[in-house]
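The following pair of complexes shares a single chain, subunit A, combined with subunit B in the former and subunit C in the latter.
Take a look at the complex of A and B:
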C-alpha cells in the first residue's frame, strides 16, 4: 500500500496502479477518455491532467497525465488546481471542435461519457467558429451503427477490437485530423465481441443498431439485474424494457464472471422475447388445431392432469425453479433432465470432475490469469464465447511477465505490447477444425475428436507415469505442450461436452490430474457445457434417468402421461424414437415459449415466460448459481414454467427457491442468492424504473386516461415503478448503473470496491458444488475404425445459431448460416463436391451445404446442424456424404471462417 | 351616541356612495366568449408541434421534453426515416395532467414543441384531453421561423449530405495523403 495526497487529503492506494485508476477507486471525479480499466493507459486523449508536486515545499508543480503516472508512495497531486482544471477544459474544447450538433438524434445521448466529461470539465460554449471535419459512415452489419463525425479519436475502439478482442477488420486509418476508425470497406464487423464497441466508445460513433430500431433513452428503460441465457457462462446483463417490449441488453459488471464485456450472442440475441410467434395462450388440442382454455378450465387443469403416474422431462434452458417444480410434480424417479443421452453421460462426467478436489473450475477472471492453456476439442468461440475472450487475455500473461522484468507497469499498455511483440503465453488448441483463436495459439492440432483425445492422453502420460500411455501422431507437439504445462505458474485445461466425446473430458481430467500429482494444488480444469442451465438440471435429475429410457417407457405404454418443460425433444433424440414415444403417450403436456416440433404433438400447450419475464436461478459451467430478476411482465398468457406446475397458483418464487435449497441435494446454498427484505431501508422496494422515468401519465392514456394502479410485484424486492429507494448504493440490485455526474456505464467505478475489482456489497453468485475426494485415472479408449468411404464426424457450432432461443431472434438470424459440412479439399475431390454444393448425409434426408476448408483433417467432416436443420442424433460417429440434387436455397453466406478453400473446385 | 352613528350608519352610506359611483366607470370584465381577450404571444397555453421551414416535422424524438415534464404527461417513441431523419412514431400529451409549465419548450433542442396563447381546451370527456401527434402537429413553424435542426446537425439526411451542414467542410477522403 502506498500513500498519496490528493488536494490535501491523504489516501491509501495500490502503487501498482496509475493515478487515474486510484483516484477513481477513491471515488474522486477525474475526467478521462482513452483509459479503460481492462485496457490500461496509452495517454492518447490528454484529458486526465492533474498537477503533481515534487514535495510539500513545491508550490508550482507540473502538469502530468494521471493515467500515465504511477500512484507511487508519497505522490502529491491536485485535481482541483486551477491550471489543471484549465488544461482539462481546453483539452475537451479542442476534442469537441469537430463534434457535430447531434445529441438529440444520437443513441448515446443521456448515457454518453463525452457528455458527462464535458460537463465535468466545465466546457460549455463553442468558441471555435471554423469549419468542422466530417467523415462518411460505413455499413458495419446488422449489429452496429457507424457515425464517424462524432469521433474524438481516443482510440478505444481499435484498442478493444484489435488488441483486446483480436479483431482484424477495424483499424485506425489516415493521419492528423483525418483519422478514421472503420473497416477497409463496408461490411459486417466479423469479431464476435463487436457489440462491446457500443459501450467502449465514449461517444456515439458505434451505437447499437438493434436498440436504435426501437430506441429509448436510458432513463426511460425499466431494468433489473439479469443473467444471460445464451450459453453456460452466465454473463450478467441489464435488459431494458419500455412500452411492453424488451429494448436492449447491456453488460452488468460482475468481477468474477463477465467483467466489462459480453459477446454478441448475449447482447443481440434477445429480441425473440418480443416475437409474435411466441405462444400466447394456454390451449388444448381439439381435433387438429389448438383451442384456448377459458379461465375456469385452467384452474382445475393441473389437478385433473396430475392424477396418476407421469413422466416429467426437464430442460437445460429452463430455470432451476421450473425444473424443480416439475420434479416435485412427477416425483424424482420420473424426472428426466431432458439432455440427450450422450450429452447426459458427458455432463455427469463433468459433474464428477466438479466434485473432485484435485481440480478447480476457474471463473472467467481466473481464466484470464492462467499462463498456459490447453483447449481439448472445444470450439470455445462458438460454444462459450466469453471464455474465448478471456483466453485472449490469458496469452498476454507472458507479456506482463516480460514487462515486470523490465520494471514496466502492467497498465502501460502500449509499452507492454511494444516490448512483448509476438511473445505470448502458450495456448495449445486441439480442435477438429480451424478456430477463431488460432491467431494467438502457440500450437494448433487439427484432427478428429477421437484422435484429439489420444493426444490428450499422450500429454497426460508425458506429465505423469501413472497416467495411461497413449499413441500420438503429434509426438513433438505433445511433448512441447507437456513441457509448457509443467513450466507454467497456473496451467489451465479446457474441454467440454460439445464435441460429443467422453474421451476428451477424460483426457482433460488426466492432464489436470497429472499436474495435480506433481504440484499438489488444485488444477484449473474448465469443462464447458452448452446451455445456460445444463449443470442445474443435471444436478436435479437422477443420473440414471436417461431420456432414451423415458422415451421407451412411453413407447412401451408403461406410463401414459408426460410433461415436457421448455424442451424440444426432436433436438435431443432421433426423430423415430420421439415419434413412437409421443404417439403412444395418451396425454402430453408441453410448456414452452415457442411452437416447436414437440408442441405440435402436444395435447395441452402452456406458454412460458422468457428470461426477462421471470425471476429465476441458473447454474453456470463452474457450478456458480446466479439469480436473475424479472425485468418486465408478460402481458399475454405466459407464466413461468414452475407456476404452471404448482398447485398453488399464488406461489412465490422466493418460497420455491427456499424449498429447492432445502429439498434438492447440492442446492443447499441456493437461498444465499436471495436478498433479505430486512437489508433495505424500512423494507422498501427497489424501483426498476429510474428516477427520471418519463411519460408515466401519458404512456397508457390513449387506452384510458384514468391511470392504472402501479403493478405490484409480490415476487421480489423490486418494484415495477419508480417508487421505493433506488439501489444507487447497493450494487447487487442495481439495474442500470448510474451515479450523479456519471450517466454512462462508466459510472460502475462508483460501485466497485476498487476499479476493476469486486462490487461493493459484491454478489458474484454462489458456488454450489463442494469438492471432496479424488477420482481415478482414465485410460485411452481403443480407436474405432471408420467404415470405408465414410468420414469421421466432428460436431461444429456457430455462435449465431447453435443456441436454440437466440436463433429465434430476428437480429441473430441475419448473421446465421445454414447447416454445413466442412471437409478437406482432398475429400471434396474424392466425393466430387464443390464449395456450396448441397450434400446429403447418410442418405437419410439430412441436407447440408458443402464447406471446403483447408484446415481440416482429411477423413473428418465437421457437421454444423444449423438451427434444427439436421438432427445431430441421427448422425453417428461417421457419416457418408453424397452430392444431393436437391436445389435448396441454403448457402454459406454469413459464415465467417478464415480457412475457407478459395480455389475454384 | 355619535360614535354609534358614525360607525354604523355613516359607513353604510359611504359604502352605498362608493358603489353608486362605479355605475359610471368603465367595466373591467369583458363579455367572453363574445369578446376575446388579448393573449400575449409568450403565454403558455396549448402545446403544438411545429414544422421546419421546408415543411418537415421538427420533432426528432429526442425525449428531452418527456424527461423535463414534471408531471410526466408526454410520451413518445422514436422512429427513423429511410434517410436517417428521426421522427416520433407517436407523440402523446395527456392535457388532463399538463400544468402548462413550458419546461418541454425550454428543453426542446429543435424548437419543435411550443406553447401557444390558446387556452380554450376544456372538454366534457376527460379522455378527449389526450392529444396524439395528429392533433398536435401544425403546418407552420410557430414562433421560430428560420430554425432547421438538420441544417446544423452533422447527421446526413436526404437533401443534406455529409459536410453540407452549417460550418462543415466536405467529407475527408481517408485514402488521401494530403494534409
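Take a look at the complex of A and C:
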C-alpha cells in the first residue's frame, strides 16, 4: 500500500494503479471520459487533470493527467486547485464545441456520463458561436443507433469494440475536427458484443435501437436485479419496464461473473416477453381447440389433475423453484430433467467433474486471469458468448507480463498494446470449424469431434504417463500445446456438452488431471452447458431418470398422466418417440410461455411467466446459484411455473427456496441467496422505482383517471413502488446504479469496494457444489468408422437462434439465419452442392442450406439446426447429404463467418 | 424464418459485406505491393503504401480498390479506411488529371495567398475539394509545402510553383491547359 495526499487528506492506495482510479476508489469525484475501469488509460481526453506537487514545500505544482500518473507513495495532489479546475472546465468546453443541444431528444439524456461530467466540471455556457461540425450517420443493424454529431472523440468505442472485443468493422476514421467512428460503409455491426457500445459510449453516439423504439428515461423505468437466461453463464442484468412492457436490458455489475459487459443475445434477446404470441390464459383442449378455464375452475384444477401417478418432465430453461415444485408434485422417482438423453449423460459427467477436487470451475473473472488455454470442441462465441470475451482478455496476460518486465504499469493500455504487438498468451482452439476467436488463437486444430477428442487425450498423455496414450494426427501441435500448458502459471481447459461428445469432456478432464498430478493444485476446468439452468435441473433430477425412459413409460401406458414444465419435447427427442408417448398419455398438462409443438398436444395448457415476471434462482455453468428478482407483473394470466404446481396457491417463493434448500441435496446453500430480514431499515421494502419516477398519477389516465393502488408484492423484499428505502444502502438489491451527480452507469464505482472490486454488501452468488475425492482417468474411445459416402456430424450453434426463448424475440430474429450445413469445398464438389443450395439430410425431410466454408475438415458436416427447423436427435453421428429440389426461402443471410468459400477468390 | 429489414445489408464476410465488390488488383500493383511487403514485419503496416501504389496507378482509391487492398493484405477494411481517410492526400473521390496542392498556412497567408486562391477560383471555377468541370484540375489545401521563404507556393501535379501572384496563376494554368490538351 502507498499513501497519497489529496487536497490535504491522506489516503491509503494501491501504488499499482493510477491516480484517477484510486481517487474514484476513495469515492472522490474527478471527471473523466476516455478511461474505463476495465480498459485502462490512454490519456486521450485530458479531462482528469489534477495538480501534482513535488513535496510539501512545493506551492506551485504542475498539472498532470490523473489517469496517466501512478498513485505512487507520497504523491501530493489537488483536485480542487483552481488551475486544475480551470483546465478541466476548458477541456470540456472544447470537447463540447460541436456537441448538439439535443439532450431532450437524446436517449442518453438522464443517464449520460457527458452530462454528469459537464456539470461536475462547471462548464455551463457555450462561448463558441460558429458552425458546428456535423456528420452523416450510418445504418448499423437492428441493435444500435448511430448519431455521430454527439461524439466527443474519447475513442472509448473503438477501444472496446476493436481492442477489447476483437471487432474488425468499426474504426476511427478521418482526422482532426472531423474524426468519425463508424464502419467503412453502412451495415450491421458484426461483433457479438456490439451492444456494449451503448454503455461504453459516454454520450449518445451509440444508443439502443430497440429501446429507442419505445423509449423511457432511466428514472421512469421500473427495474430490479435480474439474471440473464440466454445461456449458462448467468450474466447479471437490469431489465427496465414501463407501461406494462419490458423496455430494455442493461448490464448489472457482478465482479465474478459478467463484470461490465453483456453479449448481444443477452442484451437484445428479451422482447419476446412483450410478445402477443405469449400464452395468455389457462386453457383446456375441447375438441380440436383450446378453451380458457373460468376462474372458478382454476382453483381445483391441480388437485383434480394430480390424483394418481404421473410423470413430471422439468426443463433446463425453468427455474430451480419451478423444477423443484414439479418434483414435489410428482415425486422424485417420477421427475425427469427434460434434457435430451445424450445431453443428460454429458451433463452428469460435467457434474462429476464439478465435484472432483482435482479441478476448479473458473468464473469469468478467473478465466480472464488464465495464461494458457485449450478449448476442446466448444464454439464458445455461440454457446457461452461471455466466455469468448473473457478469453480475449486471457490472451493478453502475456502482454501484461512483458509490460511488467519493462516497468510499464498494466493500466497504461496503449503502451502495453504497443509493446506486445502480436505477442499473446497461448490459446489453442480445437474445433470442428473456424471460430470467431481464431484471430487471437496460437493454434487452431480443425477436425471432426471424434478426432478432436483424440487430440485431447494425446495432449494429456504428453503431460502425464498415467494418462492413456492416444493417436494424434497433429503430433507437433499436440506437443506444443502440452508444453504451453506445462509452462503456464494458470492453465485452463474448456470443453462442454454442445459438441454432443462424451469423449471430448473426458479428454478435457484427462488434460486437467494430468496437470493436477504435477502441480497438486486444483486445475481450472471450465465445462460449459447450453442453458440457463441445465445444471440446476440436473441436480434436482435423478441421473438415472432419462427422458427416453419417461417417453417409453408413457408410450407403454405404464403411466397415464404427464406434466411438462416449460419444455418443448420435440427439441429433446426424436419426433416419433415423443409422438407415440404423447399419443398414449391420457392427460397431458403443459406449462409454457409460448405455444410449442408440445403444447399443441396438451390437454391442459397453463401460461407461465417470463424471466422478468418472477423471482427465481438459476445455477450457472460453475455451479453458482444466483437470485433473479421480479421486475414487473404479468398482466395477462401467466403465473410462475411453481405457482401452478403448488397445492398452496398463496405460497411464497422465498418459502419455496427455503424448502428447496432443506429438501434437495446439493441445494443446501440456496437460501444464502435470500436477503436477510435484518438487512432492511425499519422493515421497509426496497423500491423498484427510482425516487424520480414520474407520471404515476397520470400514466394510466387514458384508461381511467383514478390512480390505481400500487400493486402489492407479497413475494419479495422489493416493492412495485417508489416508496421505501432505496437500494443505495445495499448493492445486492440494486437494480440500476445511481449516485448523486452520477446518473450514468459509471456511478457503479460508488458501489464498489474499490474500482473493479466487489460491490459493497454485494452478492456474487453462491457456489452450490462441494468438491471431495478425485475421479478416474479416461481412455480414448475406439474411432467409429463413418459409413461410406456419409459425413461426420459436428453440431453447430449460433448466438442468435440457438437459444429457444431469445429466438422468439423480434429483434434477435432480424439477425437469425436458417438451418445450414457447413461443408468443405471438396465435399461440396463431390456432392454437387453450391453455396446456398437446399440440402436434404439423411433423406428424412430435414432441410438445410449448404454453407461451404474453407476452414472445415473434409469429411465433416457442421449442422446448425436453426430455431427448431431440424430435430438434432434425428441425425446420428454421421449424415448423408443430397441436393434437394425443394425450393425454399432458406438462405445464409445473417450468417457471420470469416471463411465462407467463394469460387472467385 | 429470419426476418430481414429491407435496409439491412447482411454480411457474410468482409468482402461480401460490401454492396460493391472488390476489383482485381492488376499485376503491376500486386508486384509493387509485394515488394513493400518484404520491407515490413507485418501486412497491416503495408496498408498505407498499398493505398499510395493503387492511387499512383488509378489516380484515386475507389471503394472497389479499398476492398481489393484489404482483401489482398487480409486486414479489416474498416481499419484500412481509417488509414485512407486519415491522410488528406489519399484520394477517396476521383480527382482531376492534375491535383493542385495549395498552401494556405501561416507564411503563405501572410504573403497574400487568399488573393491567389481567388484567382484560381475565378479561372478554374473550383473551391477546395472540387474538380473543374473538364476534369483537369482538383484543388486541395495543404498546411505547408516547406518553401516558406518563397511564399505563396502551390504544387500542380509534381511541379512546385513559388512566389505566386494572380498574374502568374493565369500563365501557369494557360501552360497546363496546353500541355493537357497536347497529351489528349
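Keep this in mind: the second predicted complex is superposed on the first by the 903 of 905 C-alpha atoms of A that agree within 3 Å, B and C clash if a C-alpha of one lies under 4 Å from a C-alpha of the other, contacts with A are read in each partner's own complex, and residues count from 1 in each chain.
Methods note: a residue touches a chain if its C-beta (ideal position, glycine included) is under 8 Å from a C-beta of that chain, and two chains touch if they have at least 3 such contacts.
What you are looking at is a predicted structure, and each value in this text was computed from that prediction instead of being measured.
In the superposition on chain A, A:893 makes contact with subunit C only, while subunit B stays out of contact range.
After overlaying the two complexes on the shared chain, residue contacts for A:779 are found with neither subunit B nor subunit C. Once the two complexes are laid over each other on the shared chain, residue contacts for A:764 go to neither subunit B nor subunit C. When both complexes are overlaid on chain A, the residue A:854 reaches neither subunit B nor subunit C.
Of the two partner chains, both subunit B and subunit C are touched by A:173. The contact surfaces that subunit B and subunit C form on subunit A in the two complexes overlap at residues 173-175, 180. Taken in their complex, subunit A has these residues touching subunit B: 100-105, 109-110, 129-137, 147, 149-150, 173-176, 178, 180, 182, 212-217, 219-220, 243, 692-699, 701-702, 704-706. Subunit A contributes residues 139, 141-142, 168-175, 180, 183-188, 190, 422, 801, 810, 813-818, 866-867, 869, 890, 892-900, 902, 905 to its touches with subunit C in the complex. On subunit C, the positions that touch subunit A within their shared complex are 1-5, 7-19, 42, 63, 66, 71, 76-82, 85-88. On subunit B, the positions that touch subunit A within their shared complex are 60-64, 66-67, 69, 71-78, 80, 86, 92-94, 96-97, 109-110, 126-127, 129-130, 132, 149, 152-156, 162-163, 165, 167-172, 174-177, 179.
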